[in-house]
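For clarity, chains are labelled A, B, C, D, E and F in written order, and residue numbers in each chain start from 1.
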Amino acid sequence: MTMPRHDPGVTADLLIEALPYIRKFSNAIMVIKYGGNALAGSDEASALASFAQDIVLLQAVGIKPVVVHGGGPQIAEMLARVGKTSEFQDGLRVTDAETLDLAQMVLIGKVNSDIVAALNVHGPLAVGLSGVDANLITADLRDEKLGFVGDVAAVDPTILLRLVSQGIVPVIATIGSDEGGQTYNINADTVAGAVASALNAEKLIFLTDVPGVRREVDDPGSVIAQTTADELEALVASGAANGGMIPKLEACVDAVRGGVERAHILDGTTPHALLVELFTDGGVGTMVVDA
Amino acid sequence: MTMPRHDPGVTADLLIEALPYIRKFSNAIMVIKYGGNALAGSDEASALASFAQDIVLLQAVGIKPVVVHGGGPQIAEMLARVGKTSEFQDGLRVTDAETLDLAQMVLIGKVNSDIVAALNVHGPLAVGLSGVDANLITADLRDEKLGFVGDVAAVDPTILLRLVSQGIVPVIATIGSDEGGQTYNINADTVAGAVASALNAEKLIFLTDVPGVRREVDDPGSVIAQTTADELEALVASGAANGGMIPKLEACVDAVRGGVERAHILDGTTPHALLVELFTDGGVGTMVVDA
Amino acid sequence: MTMPRHDPGVTADLLIEALPYIRKFSNAIMVIKYGGNALAGSDEASALASFAQDIVLLQAVGIKPVVVHGGGPQIAEMLARVGKTSEFQDGLRVTDAETLDLAQMVLIGKVNSDIVAALNVHGPLAVGLSGVDANLITADLRDEKLGFVGDVAAVDPTILLRLVSQGIVPVIATIGSDEGGQTYNINADTVAGAVASALNAEKLIFLTDVPGVRREVDDPGSVIAQTTADELEALVASGAANGGMIPKLEACVDAVRGGVERAHILDGTTPHALLVELFTDGGVGTMVVDA
Amino acid sequence: MTMPRHDPGVTADLLIEALPYIRKFSNAIMVIKYGGNALAGSDEASALASFAQDIVLLQAVGIKPVVVHGGGPQIAEMLARVGKTSEFQDGLRVTDAETLDLAQMVLIGKVNSDIVAALNVHGPLAVGLSGVDANLITADLRDEKLGFVGDVAAVDPTILLRLVSQGIVPVIATIGSDEGGQTYNINADTVAGAVASALNAEKLIFLTDVPGVRREVDDPGSVIAQTTADELEALVASGAANGGMIPKLEACVDAVRGGVERAHILDGTTPHALLVELFTDGGVGTMVVDA
Amino acid sequence: MTMPRHDPGVTADLLIEALPYIRKFSNAIMVIKYGGNALAGSDEASALASFAQDIVLLQAVGIKPVVVHGGGPQIAEMLARVGKTSEFQDGLRVTDAETLDLAQMVLIGKVNSDIVAALNVHGPLAVGLSGVDANLITADLRDEKLGFVGDVAAVDPTILLRLVSQGIVPVIATIGSDEGGQTYNINADTVAGAVASALNAEKLIFLTDVPGVRREVDDPGSVIAQTTADELEALVASGAANGGMIPKLEACVDAVRGGVERAHILDGTTPHALLVELFTDGGVGTMVVDA
Amino acid sequence: MTMPRHDPGVTADLLIEALPYIRKFSNAIMVIKYGGNALAGSDEASALASFAQDIVLLQAVGIKPVVVHGGGPQIAEMLARVGKTSEFQDGLRVTDAETLDLAQMVLIGKVNSDIVAALNVHGPLAVGLSGVDANLITADLRDEKLGFVGDVAAVDPTILLRLVSQGIVPVIATIGSDEGGQTYNINADTVAGAVASALNAEKLIFLTDVPGVRREVDDPGSVIAQTTADELEALVASGAANGGMIPKLEACVDAVRGGVERAHILDGTTPHALLVELFTDGGVGTMVVDA
């Protein structure tokens, strides 16, 4: 018998707190957006391993996680490597054919593969997909000036539902294609929201590198614990949200209005923040509900 | 956002510790012997409510609990009420027809009903059974001198398997019957062991009022953390076990030899000892394995 | 070759008469109320064995019987044994906590167990239930003056449907509980009617000790062969029904209005009256239809 | 209430006798050979209607009847009509191509159709088949001298099992075909036995115009109530069986040795002899068991 | 390696043409009317074998063919053989009881059996039915003056759907019966149309001995490639269709109005016209669509 | 009515030839290796579109294609683009970490994506996989001198079987990983053979740019139509096979010995060679059988 590492009273207390959530979330689909930033640091391997462990634990207790990832820093690195510079417009990279080709290779052939490999160290759990697979994401040209940057025209969740019903974790690179087979690069936050709506997910969770949404953009103490779609929309309209946060907030608004129970914005750099959020009464970060 | 009541690091730690057990025990059948003593004290209602909460939590995370209960103190109380005295022989009550009748009414109509009612406050979760139902327990006369005291001749687990597959918790009163329909009172520890073997259960757990099995009967510090069927058998043979503990030890030995993975003897009077035992690395009480 | 005991022409005739009923009733749910009086006589064991044989035969030809039983005489006997007297009000026993406790023990632990045991001599066919099991019967307090006497607030037939679909005969003791787990004693005739409605049963059959409903309470020749809910209601309103018959008549009215095809009141003391009623063109006792 | 036409005691008695057989034979496949003679008399229509009623009743109580029929008299009549005479050899009609053609038309297009139509007056219950359908019966040439007279080379029961599982009564005309599609006329008794074996039937029943098998061919009082395959074989070898009975006896022997529980030879001209045989303790005619 | 018998370019071309039809028709029910004339010629056996090969190929690629056949010439031959002459009225044979008997024997016992046997040379593929089987076709008396000539009152497609779902090809002789079991002879073209409607078939195909429907009855060059129900109706009304063609045209009109996608009238004497029609862009004969 | 483009006789002939193959291959799994060379030419887009059309047709007629692809020329192009040169040893590229990274991006993010996109123009038919997904291919280090070049240690076909059972065409990039998550580049011919064996495929088909295997390496007229595993093994041992052909021949040998019915080496540059091979009696290229 190993000595218990924690006080039995605290242990019992936490179990009684956690078990009802485990029951509640059994079979719940949760879409988790994993940011490219988290993968780009010096500590990349261990951060990825810790994320993989959390996803495996969720899956072990009957939750059906769906991972959506970005890869901005990794694309930038590849462009630099081949000596190609990019123009940005409204925070979106202008994507010519060569850039699209490289972005696609980095997102699908590198970032997606790395996440799948980190999960599959634990068993045959994950399968990587892009929006091209089984026509998961049909894309529209957003704006000719931006080149091959796409909007989500439609999500066909069939392949996702089949995979999660077989205990597989889909990991999605956010490349979509139109009916002629032309591919587009799409904002990963937007895809995460659209996928969560299409799956009628229980939760949409953004793992970012900030502790939540601030009421005042410059005041770290103004993180909002719980808010509604309406309030978030007002926040974006007021200009009080910065560039990278805007698509996340819009995705949260669309998702909870589209049938997702709750959306969350957490600090994914705190180890296991995902577990603490899901299985304790006191959440972390910002939670968004519909009304 | 409620403040977390416990340190997030400890919380994450305990979750990472508990989740693999929850995964491991998903769909596992566990036979839990709940002693009549636990129900007889002044604090009866709250002890029963706490036990019911634990069983409901187990069921919520996919475990399939089967409860077996005794009722010695309650039978004694009823016999006193109608002014009937009993003779005991080798620790077993001599059971004439009138005693059997009263024992049956107390066990099935009172103790069993109370446990079922306590569980069903949480929903339509439990169904009470005796060994007579669907011929669950076929009994043999143990010894003519003991009257209607039975041994377990056979357990037909069909009804139990059907109920647990439907998410129902069977609660078993230990009255059995022979082929002619004559009923017998059977030792509840023995029934728990036989039921666990017949179900090929993952675990057999005795909730008693002592912290485990002692190597020296008079030394509270000699509680054994882990032992084997062979060692327990030697312990019984050596006379180092007291009366009420003997049928528990024999049931543990029979169960682990009959295919049950592990048997446990815990102090059921410590609140939620069952949860701490099941979901942390450091167990409590005595664990018995086969070899 | 044994000699046929009956004339082959009569035999063929009866078979041709019975077989269409057997076909018609295949898979039909029938709720059979078995009165406590039938169990209380000197001939108790043989009456019970004969009843058990009939139920087993019904089940053998594909009918799904559900048995509801009372136990008035047995409760009275137990109360006498512990020296407790009861007050009655409007034909209903005033039930204090002690009386409830004893009634529950007698109904669940004695009468129910005896019926189940008599059926299970023929195989693992029957399972005893009370209204507490799987929250089968939710009860309301009827009237504070009557103590723990309940009305049927709701019947959840899930557990019954599962058991009958597995070839099990449920045998129901008429104790129900409220949401807080408090139990109540409920009139067995009322429960039989409510269970029949909840199951949308083909038939509700009362096995009593009289040959049917009389048009004139004192005229044995005035037994009604077939009647309607409206006529029965008028009969009760007119005062022409005696005390013990009233809840039966009300249960018949409610059942046929609640979707039960036919309700019957038969003399259960005539051996095998149940079989003759079900499988021949000429019925026995009183049959009630909706309009 | 109609007056019961029979004494209630006798009625209960017969029901208690019949119900266990009904239970026992639920889902049992029974192959019933219906002789062409039964169809040829002046009373043909009413005999056929009575037979159809019995088959419908069997099917109604869960038995799965399979009917095999002959048509000797009807073929003879047709041959006479077109002015064709036949030669017989060892009791078997020598069958040239024209005779085969006419036999096939009579058996499939007339006798089979009439039986199916009589059954289907009661609902869409029966489907007529010949051995050609779904290659049910593969035939071999018996003997060149006999022309297109076949032996059973193989029975493929697939189509029969599908039909009976759908509640359909197959009615089989005993024409078979070889691999090249050439058809043959086959003895109907032989086919009945082979079909019963291929189906692993519970019973093979010959409805003939005699009360059973006689130990002494000329002694009506020597009808055998129960016998074994070995004894029947000896009876045939001893020459004590007449021509038309021999293929029946051989079919009985082969069937019980091939896995059929019991074979029966009954007088089908006694109305409803089939029902009396199946559902009472005292059988009629001759019963054959394996050892 | 065998030398390819055809130019690989042509081969690839035809495959690319045929494969989409094979995909499209997978699981499609097609009702094929096979005329008695096709079976009556000197070349009968080889025409039947070629037809059987086509049906087997359809079935092999997942189409569900249902064959309906006539037998006029064969009935006429049989009537001649027994020296019976028939009267015709409006192109319909007056059918007395004896004629009906003979027609039934010829259609069910001869023509149907021959088609089934030709198909089953390829395996246990086909089962012969008449409208009597499982009450497939309920018939009405058409006109007392015509004797036992029936109209289709109702088609119960249950048995057909079961057989085709098991990979069986039903072959239907067009004898129907009324509720009393009286049989009638029914026009085979009419039955084919009614069966196609009842099955909601993809196609109804008439294999005739003419190349299609002529706009001018005497002008072989006026064959219509594609037409509508309305146009066909006008054609019949105008008197521009000859006797035998009228019931075919009416059946086409009823079928496409009753939910059948397309009806076709082909020259069944061109070998494999059925395959060329189904699997190439250029059809043969006349195609009928609804509007 | 369109005019038939081909002679109806030839058309019928080819259909009768093709239909049995379509029947035979219904539900058959076929592993098709599509070479990177085919994708590298000036005509890349149209070659890929033609290949995609063939795969879609196979899938349409019930075949279950699994595509394995290489990408040598595309990897070489990428390496040149970033200014990296490679060393080769025994015809295998020496693969350092940077080369592996780029190879992975090209194979998974570019070639695989392009094939999937070309297929999915026809509907949601294809899903791209690498050996990392669901641990499809576990790899071993081949030889330290070659860097991250892997051998196939194991193939887990579970994810492939699930996808093909859902009508999805898996497209496999030949990157595998070991248990620690390290990825390796693996020869695509070898992977194709191992996948075919693991799937117990009906066929393994190499689409190359040569017309088949030559008996004499320099004699274009010596292409072998049909051969055995033993003969191929001798051919390789004799040195009569050139470098790029060797892994194909070894994969054919291993596959047919591992349970694959037939392996084929075809000239994939002839349009629709795949269709002509599969659906006509005269094949193209070289066919390999086991013994």
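Criterion: contacts are C-beta pairs under 8 Å (C-beta built on N, C-alpha and C of every residue); 3 or more make two chains touch, one makes a residue touch a chain.
Note that this is a predicted model, so its numbers are computed, not measured.
S.K.: Which chains, if any, touch chain B and chain E both?
M.R.: none
S.K.: Regarding the chain D and chain E pair, does the interface count as same (over half of residue numbers shared) or different (under half shared)?
M.R.: Looking at both copies, the contact residues mostly coincide.
S.K.: Report, in whole Å, the distance between the mean C-alpha point of chain A and the mean C-alpha point of chain C.
M.R.: 60
S.K.: Could you work out how far the Cα centre of chain A sits from that of chain D, in whole Å?
M.R.: The separation of the two C-alpha centroids amounts to 72 Å.
S.K.: Do you know which chain F residues sit against two or more other chains?
M.R.: In chain F, no residue touches two or more other chains.
S.K.: Are the chains arranged, by touching, as a line, ring, star, complete graph, or other?
M.R.: ring
S.K.: Given the complex with chain A, which residues does chain B contribute to the contact?
M.R.: Chain B reaches chain A through residues 1-6, 8, 10-20, 22-23, 26, 53, 57, 60-62, 225-226, 270-272, 275-276, 279-284, 287.
S.K.: In the complex of these two chains, what residues of chain C are touching chain B?
M.R.: Chain C residues touching chain B: 81-82, 101, 104-110, 112-113, 116-118, 120-121, 123-130, 132-136, 156, 158-159, 162, 166, 168, 175, 177, 179-181, 183.
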